[in-house]
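Chain lettering (A, B, C and D) follows the sequence in which the chains are written, and residue indices restart at 1 in each chain.
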Amino acid sequence: MPTDAEQACFEAGIKFGSLYHQFAGTPISLESADSLARAMAEAIENQPYCESVTVDIRTDVLEAALAEGAADYTEFTGRFAEIEIVIDYEGNEVVARMEMDDGYPLMRLESIERQ
Amino acid sequence: MPTDAEQACFEAGIKFGSLYHQFAGTPISLESADSLARAMAEAIENQPYCESVTVDIRTDVLEAALAEGAADYTEFTGRFAEIEIVIDYEGNEVVARMEMDDGYPLMRLESIERQ
Amino acid sequence: MPTDAEQACFEAGIKFGSLYHQFAGTPISLESADSLARAMAEAIENQPYCESVTVDIRTDVLEAALAEGAADYTEFTGRFAEIEIVIDYEGNEVVARMEMDDGYPLMRLESIERQ
Amino acid sequence: MPTDAEQACFEAGIKFGSLYHQFAGTPISLESADSLARAMAEAIENQPYCESVTVDIRTDVLEAALAEGAADYTEFTGRFAEIEIVIDYEGNEVVARMEMDDGYPLMRLESIERQ
């Protein structure tokens, strides 16, 4: 049987996979970045046990990517955001983050407060 | 060779397919519907030749769907929105709409002003 | 600090969220169900720590949904599949499943073998 | 009123936008590329007026991308495939293609046979 803390970690993973694969590929520009960030956060906050989702667009990375290409938009992918998700499952709080690690968007558990 | 009006229609189709298949499945509630609608519109407006995207959430249909289920959110699908997209390709303006038709989200050309 | 078993649960959640939100909304018919099921499994098996993904299309439910509608395809959603994912994280094996529960596709931890 | 040829072009656009935004972001490796290509083709062939979808994975580009990174998979995006879609709308046949153009996956009309 899983512990409540393990359940909390499972739920945190679901939210990260959901957020990433729902929104990867979305057309994004400097002008539309804010509305995408807000929609990502509010959409995933609907899911069970999800206390909060914070999406920070890495504007400098997005600007640099747009400067390299011929268009004024690109596709949303992990390198354009830092994301924090907080889960509460039966009083067990898990904080998980997505950050770039060696070119990949790494999703990792940052902290667990076990009940 | 395609005419410019045919190109405009092709572009209108791309925008509709993109919008629908990027965002179908997104968790949506009455609280998060507005931010999703705005993100959908602003994301697709980034695409070439796209003059405007209008997403109207059918709040009554969403409310009814949520009342039927056990959760306070559901997955975004075509029956929860009416969408209008305006394309301008070399002066040819195409207006396309998505509306429910016999239970299916039907995407259709509403008008073309040929140059 | 998370335990290895908690990490394994986090990874299992990521895979489920990824699979569901990548593929929800895909056009599916009786003819294309097998290729979609295989692509879902092979795509997610690419992800780290993922030992296996098994996607069983619930053909009877799909047939019934198609019989109700006017078209011979519909959009993939959770009620059309049962999914099992096996994770191995540093010798900790987690089995997770998605099954319908009161009309919702419930993702749950089935077993954990802690190292 | 749109002509049937314009309708055919609109339908071709829908299929391209659908295919791209449904599957962009899918984990892909050399091993899973074939099942993804097949699922993409069969899924979109379900849509109305769609005669055929051909997805050719650009294996050399995928191999090169994987060689650059630390993982043995990456996310599906337009540079990894060439795609041809054939539409028949009331006898009007449209062939559309997606190919890379200056670093962007360009979707374009290749030919129209008007009735």
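The criterion applied here is as follows: contacts are C-beta pairs under 8 Å (C-beta built on N, C-alpha and C of every residue); 3 or more make two chains touch, one makes a residue touch a chain.
This one's a predicted model, so the numbers in the text were calculated from it and none came from an experiment.
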Overlap of the chain A and chain D neighbour lists contains B, C
Which of the two pairs, A-B or B-C, is linked by more C-beta contacts? A-B
Distance from the mean Cα position of chain B to that of chain A, given in whole angstrom: 25
Quick check: how many Å separate the C-alpha centres of chain B and chain D? 20
Return the distance between the CA-based centres of chain B and chain C, expressed in whole Å. 28
Provide the list of chain B residues touching at least two other chains, using ranges where the numbers run on. 18, 20-22, 25-26, 71
If you look only at chain A, which of its residues touch chain C in the complex? 1-2, 5-7, 9-22, 96, 107, 109, 112
In their complex, what parts of chain C are in touch with chain B? 20-21, 24-26, 69-71, 75, 77, 102-104
Chain B to chain A touching residues, read off their complex: 18, 22-23, 25-29, 31-32, 35-36, 38-40, 42-48, 71-73
